[in-house]
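Next up: the structures, one after another.
Note that chain A is present in both complexes that follow, paired respectively with chain B and with chain C.
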Partner chain A sequence: MILEVNGLSKHFGGIHALTNVSLSVAKSEIVGLIGPNGAGKTTFFNCITGVYHPDSGKILFGEYARDITHHPAHKVSGQGIARTFQSARVFASMSALENVMVGTFSRTNASVWSALRCSSRMIEEEHAVRRRSEELLRFVKLGRRAFDVAASLPFGLQRRLEIARALATEPRLLLMDEPAAGMNTAEKAELLELIRKICENGISVLIIEHDMKLVMGLCQRIVVLDSGEKICEGKPGDVQCDTKVIEAYLGKEMHR
Partner chain B sequence: MSKKNATSGYNRGRLLRTAMTVGMLAILFALPYFNHNEYQLDVLVSAGIFAILVLGLNVMTGYCGLLNLGYAAFFASGAYTYAILNVKYGLSFWVSLPACIISAGALGLVFGSCVLRLKGDYLALVTLGFGEITRIALNNMDGLTGGPNGLTLSHPVIRFANKSFDFGIKSLPYYYLSLLALLVTIIIMRRLSNSRFGRAWIAIKEDEVAAACMGINTGKLKLFAFCIGSAIAGFAGWLFAGKQGFVSPESFDFTTSIMLVAMLVLGGIGSISGAIVGALALTIIPELLRPLQEYRMFLFGAIMIIMMLFRPQGLLGGVRIFEEFRPVSERVRQEEDEVLAEDLKQ
Partner chain C sequence: MSPFETFIQQLINGLSIGMIYALIALGYTMVYGIIQLINFAHGEIFILGAFFALFVFSFLGSFVPLNNIVTIIIMFAAAMAGCGLLGVIIERVAYRPLRKAPRLACLITAIGVSFILQNLMMIVWGPIDKSFPVFFKHVVFTVGALRITFMQGFIIITSLLLMISLHFFVRRTMLGKALRATSEDMVAARLMGINVDKVISICFLIGSALAGAGGVMYGMYYTTITFHDGYLVGIKAFTAAVIGGIGNVPGAMLGGVALGMLEGLAAGYISSAWKNVFAFLILVLLLLCWPSGILRKFRNE
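Here is the complex of A and B:
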C-alpha cells in the first residue's frame, strides 16, 4: 500500500464533511473516488494534502507507512503526493514552462547565495530543471505551448498543464480532482491515455471524477462517498450494481 | 524555419539587448558631462534612490503579492542606522553600510514573522500602522534620533593612500554612487527573479494553496521576500542619509510609502524595468509641474487616474517575459513538428 487512510473525519462547525472514511491505494493502482455533489470528495483530498487538518483519523504514506496526518501542504508534497485542482489553478501570469518549473521547487536545492552568485552548480540545476520541465510538457502534449502565458491557454490545456506541474514534483501518488470536467469526448480519450501512461510510470492515481464512462474504464477499484461517509468500495462492475450507490445517485425507490 | 536561423535570431535579439544596455549605461554615465545643472542632477539622484526602493518593494508586493503600505519604515531604519552610527559613534559612511542593510533586514524579519499570518488588506493595514508607529517613535526618541530636529551627518569621504576625496554637497558624486547602487540592486533583482525563489514568489502571489501543494514552503518564502525587500530599503536609506547629510522623521512619513506604491503600480507591478520607470516618472513629473504650484497635484492625480483607466497593469507591467532559453523551445517545436509529420504519414 502506498496510501492508507484510516477513519478520517472532518467537520466544519456542525457540518460533518467526512465521517470515518478509510481508503487505501496500492502501488501503480488507479482508484476512483466518486459520489454525488457535496459528498466530501474534495474535502478528502484537502485533508490528505495538508490543506485542511482532519479532526481524527490517520493518513499513512509510502512503503514505510509514514504518518503524514498533520503535515503542512509543502511537506506532504515533498513526501511524494501531488494533486491537481477541481478548477484548474495554474499560475496565470507565468508561462506554461515556468508553471512546470515551479513544481520542481522541492526537488531542487540551489541556495539564495548561489542564485545571487550565479554559481555553475545553480546554472546546471536550472538547465536540468528546464529540460525536465520541457520533457513533462511534451509528455502532456503541451511542448509547443511552453512559452505561452498559462492564462491564455484554453481550459482543457490548463488542466493538462496542471498535470505536468504536478508530475514535476516527482510524486509517487497523484490526486486528480475532476480532471475531465468541461472536456469534450476527444479530449477525454486523450486524458484517459495520459492517466494510463502516468500509471505505467509507477505512479499511483487517486481520481475524483463524475464521468462514469471514464471512471469505469480507467479504475481498478472504486470508492463511493455519500454525505461524508464511505458507502461502497469495489470493482467498477460491482459498484455500478450496488443498491446503496444507486440510491445515493438516483434517490430511494418509493414504497407505496 | 531551420534550426540555424532560429538560433541566430535569438543571438541577434540578445546582441541587441546587450547593445541597448551598454548604450543606456554609457548615456547615464556621461550625462553629467553634458548637463551641469545641479538641480536636475539632484532630482536624478532622488529618482535613483526611489528606484532602488521601488525595486525592494517590488519583491514584497510585485513578486510575492504582500501589499506593504509602511515601506518607509524600513527605509527609515537604514537611514537612521547610519545616522546614529555616524553621530554617536563616529563610524564612516562606508563602514556603516552592512549595519544599515542588516538592521533593516532584521527589522523586516522580526516584523514579518509577526504579521505574515495576515493576508491581503489586513496585512496592508498592519504595515500602514507599523509605518506610522516608526515615524512617531523616531519623532519622540529625542535622545537617540534627535526627534523632529533630526540628525546632521558628516559627508562621505573616500580615503585612498594619503589622498582623500570629500563627497561634499555637490550632486555629482552622489549621482555616480546612486547609479552604481541602482545597478547592483538591478543585478540582484534579476538574479533572484529568474531563480527558483523568484518563481516560487510569483506562484505564491498567483495562488497560495496551489503553491503550497507544489512543495513550496509559503510561510518561509514570504518571510524571505519580506526580509530581502526591507534589506534593500535599508540600503536605499543608507544612500539617502549620505546624500542628504541630514535625516528627520518627515522624510519617512505615510506619503512616502504611498508614493512608493504608486511608483510601483504606475511602472508595472512585478517588473524590474517597470519599477525603475515608475520611480523616474513619479520623481520627475512633479518637478516638471512645479510652475503650476499647488495645482500640480491635480494634474498628478489626473495622470494616475488616466493610467488606471487605460493601462491598469502599469507602463511596463503585465506578463513576465522569460526569454533566456528560447532556443530550447525552438528545438522542442521542431521535434514536435517532426512527430506531427510522422503521425500524418501513418
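Here is the complex of A and C:
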C-alpha cells in the first residue's frame, strides 16, 4: 500500500465533514473517490495534503507506512503526494514553464546564499530543472505553449498545466480533484489517456470525479462517500449496483 | 541656466531621493504582495539602516583609519545585514503568530512595532540630530550647466544595481519563482512543496536589507539623521508603492522615481517647504481616483 488512511474524522464546528473514513491506495493503482456534492471528498484531500488537520485518524504513506497525519502541507508534498485542484489553480501571471519549474522547488537546493553567490551549481541545477520541466510540458502536450502566460491558456490547458506542475514535484501519489470538470468529450478522452500514462510510470492516482463514465472506465476500485461517511467500496461494476450508492445519488425510493 | 536645464536639474535632484523611495517601496510592496500586510515598521527599519551604518562607522573609526571606499562598503554591509536580520526577527516575533488572525490585527501590530522601534532608537541614540559622515563632498560632475554631486550619482547607480539584482533574483532564480508563486496563491504554493514560512522570511530579509541600503544613502545625502526620520520617509515610500500599485515590484520602482521627481519639481518651482504637501496630495488623489496604481497587479480572480 502506498497510502493508508485509517478512521479519518474532521469536523467544522457542528458539521461533521468526515466521519471515520478509511481508504487505501496500492502502488500504480487508480482509485476513484465519488459521492454527491458536499460528501466530503475535497475535505478528504485537504486532510491528506496537510491543508486541514484531521481531528482523529491516521494517514500513513509510502513503503514504510510513514505517519504523515500532522505534517504541514509542504512536507507532505516533499514526501511524494501531489494534487490538482477542483478549479485549476495555476500561478496565473507566470509562464507555463515557470509554473512547472515551481513544482520542482522542493527537489532543488535553492537558498538565498546560493542565489547571492550565483554559484555554478545553482546555474546547473536551474538548467536541469528547466529541461525536466520542458519534458513534462511535452508529456501533457503543452510543449509549444511553454512561454505563454498561464492565465492566457484556455481552461482545459490550464488543467493539463496543473497536472504537469503536480508531476514536477515527483510524486508517488497524485490526487486529482475533478480533473474532467468543464471538459468536452475529446478533452476527456485525452485526459483519460494521460492519467493512464501517469499510472504506467508507477504513480498511483486517487481521483475525485463526477463523470461516471470516466470513473468507471478508469478506476480499478471505487470508494463512495456520502455526508462524510464511506458507504461503499468495490469494483466499478459492483459499486454501480449498490443500493446505498443509488440511494445516495438519487434519494431513497418512496415506499408505498 | 535655461528653463529647460533648470527643469532637468530638478528632475535629477528628485531622481536621487526618488531612488531611495523606490528601494524602500520595494519592501512595502513585496511584503504586501505576499501576506497582504502593510508593514508600517518598514520606515523604522529603513532609518535603522542609517543608524547601524553610523554605529559601524564610529566603531571602525576609533580603531583603524580606512580608505573611503572600504568604509562605504562596510557601512552598507552592516546596514543591510542588520536590517535584513531585524526584518526577519520582527516577522518571526510579531507577524507570524498572527498569520491566521484578521488583517486588521496585523496592521495594528505593525504600527505598534513601528512605535517600539522609534522609541528604542530615541533611547539608544538620543532625540537629537546625529551627523552622518560625508564622503567625496567636493566631487561634482558637470554636464553643461547641470550639476550632479557625487552622492547623487552614487545613489542613482547603487540603487539601480540593487534593483537589477532584485529583478534578476525574482525572475530568474528558483527562490524568486517560489516567491512569486507564493504571492499568487499561497495554498497552491504550499501544496507544491514550498515552505511558505521560509519564503515569507526571505521576503522580509530582502525587503529590509534594501531599506537598510536606502537608509545609508539617505544619511549620506542629507548628512543628519534622527530617530523619527523613518516615519516620514516610510510614509512617502508607501505612497510610492501605492502609486505603482501595491504588490507590484516594477511598480514600486517606478512609483518611487515618479514621486521623487514630482517632489523635486515641487521643491524647485514652488517651495521646498511644500514638497511634502505634494507627496501626500498625490497619495490622497491616487487613493481616490486610481486606487490600484499605475501598474496594476495582475490578478486572476
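Miscellaneous remarks
Here is the rule we use: the second predicted complex is superposed on the first by the 255 of 256 C-alpha atoms of A that agree within 3 Å, B and C clash if a C-alpha of one lies under 4 Å from a C-alpha of the other, contacts with A are read in each partner's own complex, and residues count from 1 in each chain.
Rule of thumb we're sticking to: a contact is a pair of C-beta atoms (placed from the backbone, for glycine too) under 8 Å apart; a residue touches a chain by one contact, two chains touch by 3 or more.
What you are looking at is a predicted structure, and each value in this text was computed from that prediction instead of being measured.
Clashing of chain B with chain C is the outcome of superposition onto chain A.
With both structures placed on the common chain, the touch criterion links A:Ser106 to chain B and to chain C.
Contacts of A:Leu97 after superposition: chain B is touched, whereas chain C is not reached. Residue contacts after overlaying the shared chain place A:Ala181 against neither chain B nor chain C. More residues of chain A lie in contact with B than with the other chain of the pair chain B and chain C.
Residue contacts after overlaying the shared chain place A:Phe147 against chain B, while chain C stays out of touching range.
In the superposition on chain A, A:Arg130 contacts chain B only, with no contact to chain C. Judged by the touch definition given at the top, the superposed model places A:Arg138 against chain B, while chain C stays out of reach.
The residues of chain A shared by its contacts with chain B and with chain C are 49-51, 72-74, 76-78, 82-83, 85, 89, 91-94, 98, 101-108, 110, 112, 115, 122, 126, 129, 165-166, 168-169.
Put simply, chain C touches chain A in their complex at residues 169, 172-178, 180-181, 184-185, 187-196, 202, 205-206, 298-300. Touching chain B in their complex are the following residues of chain A: 49-51, 72-74, 76-78, 82-83, 85, 89-95, 97-98, 101-108, 110, 112, 115-116, 118, 122, 126, 129-131, 134, 137-138, 143-144, 146-147, 149, 165-166, 168-169. Residue ranges on chain A touching chain C, taken from their complex, read 49-51, 72-74, 76-78, 82-83, 85, 89, 91-94, 98-99, 101-108, 110-112, 115, 122, 125-126, 129, 151, 165-166, 168-169. Of all the residues in chain B, the ones that touch chain A in their complex are 188, 191-192, 195-197, 199-200, 202-203, 206-207, 209-218, 224, 270, 319-320, 322, 325-326, 328-329, 332-333, 335-336.
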